[in-house]
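What follows is a group of structures, each given as structure tokens.
Note that subunit A is present in both complexes that follow, paired respectively with subunit B and with subunit C.
Showing the complex of A and B:
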């Protein structure tokens, strides 16, 4: 802050902003991009770690083995679905009840804002089916959700099968402390949103739905499952939700833990975890993952049914089974075990997931970039706007405030040479001002320069800058004129008084050359004052004074050259 | 000396029984009872009741000799001048929708309510001491009962025993929904039983089985009752009840056939020698048209038929005092076999059940909604709803809405003046339904909770929604619980109702009827009294991040120190233009030269 209270330094800073605005903007932008890309590299990405104590160790033994049951349930589901052409609600209810769940249905309908061309529909109506596993000796205050969104085509049957098989397995266990809701929604996200709105008894999207008959308290976490084949090669995890919202990082860590434990191949944004961080391939791949994630978040739309849960403060993610051409495939048991492990761990939770990060970027499944590290990149990009705004504001400030200040200063403060001499009135006037100005001659110079300053519209008081400006500007004519008046003594003779004039000796020399020609003197400006100045005592006393004057000039030249002359364009405050 | 003591003791021993023998026969009696009810969902509920009746005026007489009645509780009654005491410790939630109406439901957690004698001057102080003493007796956290969770209901909790006046200022009611019930609470409860867990029905009370259930509720009820039919004097009754629900899927490994051994891993071998009556009842009522969905083995010697909770029920009765049932050589292991498995059918729905939830999202406001279901096809009946909401949920009372069948249902539309509280459960329903009642007591921050009591008429075959909006308060940082992100509990709503019976009950001898039928006094044969509880709620409050106070303190201090100082400096300092000193070394050299020349320096 000392920087701002010191006018000189503030001025220097302002000068920097104004003069180097464009380069600074470019630099900041480039730095932002570079920082962002650098996020994918190990020093900036950290290994993920489980923050939540309740889920800390992986001392859970998964016992799910009902892969056959899952497959047969999936086949049944497909058959019933094909037969009825919609979600086989009755079959689902029957099956869920037979495994010991409390079963409820919810019908909903929503007018689409514009007709759906591909399915030729304007009004969407469907039925969600959900079964609640009541935890023994618990009062239904907390729950977990496993949801399978079913679209219009017959995908996701295996997910339904696996969910039902898991429900049957879970029902026989004694360790549940939270209720578990098994939810099958129709019409993908529409059904999910309808169910969520009905569960929380709100209406956000104008959905018409029947009220829910069964509830299970506050939902702590949710997992959406998408599986369309009996075997999978990998599991893709999707975290980006509505408006780019993300679930707590611990939920992802949990998934990753069970991926590792079960030896599952898990991907993020469809990309495997880079194995080799030392070569360039690993970071490159993580850059791609990172960029894809940012892109998905920027789209703002939920990339899975889990995305809608996040609005209701339910941590959620989507697991998507991928069946590609890889050799090694996993069956439903492996996926079921991972889910079982996750649910058992979530069941341990004492509090809502809150320990870990809510804002993060993922260059790989096991690496993350915390908000503290990725915000500088965004900061650099935003700095460009700030710089531009600052520039505009300063220009506005110059134009608006300048004249008032200019009007005040000459009267109150000692006279100063015109700052803009070089630019506005030419080298001559600048020269004159400089020569005549200074502490020695208060009255005249002030009077002389007043209109000039008004004209320039800039505040005065930049003796410093004036010097520099003048110097640069003057040097050329001086160089031109010096050879003409090479004969020093002779040039001195007519205008004995001239060289003395300047407060600064450096200007004396070129000034001398110019002033030697009477016709070139400024119209009624410097002339008079020149005359009043005392003569240079050592003027005619041999080469020594000349040498001294030359030396003096050279020294000052060095001094001034160190400061760049265009700085004088700046207002002085 | 030693001989003298021995003789003295001998004399005492001789005198003791003799003195006792000359007095009247023991004035206390014990009845024990186990009811096994196969639930419509396929699960099995077991309800134990142990009733100790003591024909003594605990309040008036100075009593020092306790026989069956536990001394700890007896002293409590006289010390705190209690008229009634009801304490329940429950783990789990009775699912009325699937399990049917319970004999006696209790809210999840701990519930304590007590009526004090009218001689008590400082009820609050007595209440506080009482809860602390009970906390010690039952190893429960009842000491957390304070003014912030205690209410004085005006209508919902009437005395269950003999009562002359019902001035509700002598009533206190509190629920701790967070209380966890475990074996440490069961052991002191068992110790109050005359036979402990050595003989009789109480041998079945094995903790590892009782806590392997879906629902576990143990309770202690003390109340004064009539000593005889004409009610000329008062006796004290202690009822210890324990209800458990065994889960067919978990406990039975999917099989729905039950036996005592499968449930409790014990069989009954002998009756409690102190018990006057020791019976096991098994509900063998057939629900469908075809007879006998359930088969019981061994075949019962007697059956008992009565109207229980509005429907006609048949019970198989096993009397443990009958040598034909239990003897030294044979133990009793009652087995139940379903002839027709009850699965895959929607269970019969009780006439009244309720559901409660928090609606809305976000951490600023929300809505408490209670759904009351009346599934009776043609009878409307009134329900007394009690809501006790902690102060940190700021209720907006003007948003209280009650809607039935899409129409607003005003609780007090029939009588604009506040009506006197309808004394449930002793009075007739016609009296209740003729007038409305609503009572609201606002909360005081950190002092007392909201209390809302309403008499709502439930139309036939309808769902009534009672909703009220609230705002979440920001607590002081020391007021948060150790795990603040878990959420804060809101105690369940209490529904007290006189539900119309399907079959009219015959008024029988109260003292002779089974214990499960004599819990609530019956005043009318056309309806029965039910008290239901909804589930407790878990509400998140805005919670600061407690894990980083250090960071926050550091950051705040730094920001304040740095920014305040410099901004203050900038704002208060006056700026003047100072002549900048020109040049550095070069200028000084130049000035030196100028001085040598005699020219004024720069």
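Showing the complex of A and C:
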């Protein structure tokens, strides 16, 4: 017989599992934590590399030099914005048209489910403005997006200026194979979501928005830009998106190569890369970055406008310019060159980004851990739950086997002998009475000979659906005996107390239990069998088996009452 | 008087004695020249140039093929005898910042696309089936003449292939491959149909040497850019265009071929030395065991050019019915010619100087050998 179908061996296995369970749980938990901490160290982290052939090896030279124009445009934008109080739509339209883009607007509004902090406003409405740069020699089948989300105040005006200057520069190039969309959204993420929904013709958030007049094909990649001032000391990149979704790692690799090429300082979560990997600082910072990234992903909110693009399978990043107290500052030209290089490389793409990883963790900007390597940490933590469930199941199984063992081998002491249940009061008494060999419940004896009748005496069992499952849980170990018993009747001596598998009303198991039953009772064991009710497990096992036993008893009382009533209430099956 | 007579006679004899070795030397030179005249057995030249990869980042494969096309055309093979197969159009790709050009040297020094490129098989027509049909001649009768390889048993054919390859195969357009066994069988079919006199096969891919391992037909010489297990590397990264412009092996072959003109006597041994490991990083290989002539006797122009065997003489030949007289008069003409200045081909446009004068110095100074 196999390991699990041999009762002796299964009991041994169960005892082993129960004994080792607590140490295994602890070990598994510790292993999970230790694995996660080990992710910071070099064998498990790898250097990032560009996987996409089309965006591969060669650099492109950047020629963006219109820093002054960007700054003046930003100044104009701020001035107009202050004057109008909201996004200066007319000015944006005029400027974009003068740069040479096809300009469209989209208005949107949304009733927020909660009031604002400053004053109670429920309706948010705004206008998005976007301009499309059409590729001069290609069909407009694919596009790239550069988006600048504008909040209620003009914190992102430098980014608008840079975007417009870049648009003017891009318009003068002839090597674009994809359209480029320059998008300015109002109210930050709300506007971005409105635009995306309208672009992809869906409505998942209940936004009311006007339909888009101009489109540019399938969006391949997007970059969101947030600049607080016109000089930056470093560029911060944000990858976590809505519901913890991440862009393809190749986009991050692309950003990082251009950082290195332009000599820009690039940070992840505001921190520079640890240079020193030999001492403890490097790994410590890596662990911190990893933990923070996990937490940010777990929070589920998009940490930048890029997070909303990911849902539509558009790889996107947010770049934030940080102006801190460093001495060396980069102006808009450096940022513009990095963006120009990225867009030029993205222009070389033939397919969506798919070569690199979609699920990863970043201990540092130039290192990553793929899901194959960090999943075991989560797996070990979840193993604890599995082990606990196994332990619970084994305990119930032991409880079910216990009474049989008392009959079969008096010498062996089952872990939960029935007499231990003496400490229970009340509902237990009737069961004790039955166990000690007293008069059986008349209905049940009859039930043995007429299993169908017994079954029909119960309602169809669906209203006891919950308890059915519990009964099933209790009786499954017993039912497992039945086929074994049917196969080898010699293992059961006459007079063997037979658990009534079918009597519990679990219509979920009519087939097995009842099929086995007549077979068992057929060959001349008629008189000896009486109802053996399940033994209650030991007190420490929790309320579940106790509840099951209570319901069991209640059911049996019901059947008794039904049996003793003058006419049967329910039709015979 | 008698003294001067004697003296003149003596002088004449002396002159005659002195001239005799020259004469014999001249005779041996004439024999050499005559031998050279009949050195190779071919009468016409064909070229089949194949680029098998598409997409913008494979710009360099198209540039490779176009460089060989340019050299072959410059050395005399006409378009009607060239079958050019390009799997993608780089010159008119929307990503090309210099439309209608394909550069092989960075800083836009050499545009190999030129003004008179004739592409016979373009874009999706470059398939394994079409390539094998071209080689073996099993072509539907509706195929235009420019797409056929109409070679005969006196043709020397140059076959150049480039793209992405591996151990024993060459990838065509991301969707199919040709194996070295198929190629060897195709060449055997060509031999049995007497479609070539001699064949030179050059391949520039990763692990290119695996492609010529299986040849078994006679008169085939093969060159490859790398051995099995090695990658062929790219060269000339150009940030203005944004891609690598050439592969290393073909780049140096192009440099080598720019020095060749139709009258040059450079032989195959020089071609074997073209890209040493120090420049190419991979080890180029060659195979000559199936070839019946000694490679040092094989001129580059036997395969890369279309050189007519012509001897120019200003003497008139009177053709007598007696063959002995004809032979002696022929020899006399040769001897006379030998003492005159030998006539030869006029120099073609000195492209080598035009190309090299500007950038060769700059090339030697620059150190941008970043293969990928």
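Throughout what follows, the second predicted complex is superposed on the first by the 381 of 573 C-alpha atoms of A that agree within 3 Å, B and C clash if a C-alpha of one lies under 4 Å from a C-alpha of the other, contacts with A are read in each partner's own complex, and residues count from 1 in each chain.
To be clear about the criterion, contacts are C-beta pairs under 8 Å (C-beta built on N, C-alpha and C of every residue); 3 or more make two chains touch, one makes a residue touch a chain.
Here the structure is a predicted model, which means the values were calculated and not measured.
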Worksheet item: Who does A:385 touch here: subunit B (first), subunit C (second), both, or neither?
Response: neither
Practice prompt. State whether A:313 touches subunit B only (first), subunit C only (second), both chains, or neither.
Written response: first
Worksheet item: Which partner does A:112 reach: the first (subunit B), the second (subunit C), both, or neither?
Response: neither
Discussion item. Under the stated touch criterion, which partner chain does A:201 make contact with: subunit B (first), subunit C (second), both, or neither?
Written reply: first
Worksheet item: Looking at the overlay, does A:371 come into contact with subunit B only (first), subunit C only (second), both, or neither?
Response: neither
Worksheet item: Thinking of the overlay built on chain A, is A:174 touched by subunit B (first), by subunit C (second), by both, or by neither?
Response: both
Worksheet item: Which partner does A:98 contact after superposing on A: first (subunit B), second (subunit C), both, neither?
Response: first
Response to the item:
Winner on subunit A touched-residue count between subunit B and subunit C: chain B
Practice prompt. Name the contact category of A:215: first (subunit B only), second (subunit C only), both, or neither.
Written response: first
Discussion item. Looking at A:136 after the superposition, I want to know if it touches subunit B, subunit C, both of them or none. Which is it: first, second, both, neither?
Written reply: both
Worksheet entry | Footprint overlap on subunit A, comparing subunit B with subunit C | 136-138, 173-174, 350
Fill in: For the subunit A and subunit B complex, residues of the former touching the latter
1-2, 4-5, 7-8, 94, 97-98, 100, 102, 134, 136-142, 171-174, 200-202, 213-215, 217-218, 311-313, 350-352, 354-355, 413, 440, 461, 463-464, 503-505, 536-538, 545, 548-549, 551-552, 555-556, 558-559, 572-573
Worksheet entry | Footprint of subunit C on subunit A - complex, ascending | 53-54, 56-61, 135-138, 173-177, 344-345, 347-348, 350
Item to complete: Would you mind writing out the residues of subunit B in touch with subunit A in their complex?
Response: 91-93, 95, 98, 108-109, 177, 211-216, 247-250, 253-254, 343-344, 355, 357-363, 367, 369, 483-487, 489, 535-540, 543, 547, 562, 565-567, 569-570, 573, 575, 577, 579-580, 582-584, 586-587, 589-590, 593-594, 596-600, 602
Worksheet item: What residues on subunit C touch subunit A, complex-wise?
Response: 55-57, 92-97, 99, 234, 237-240, 242-244, 372
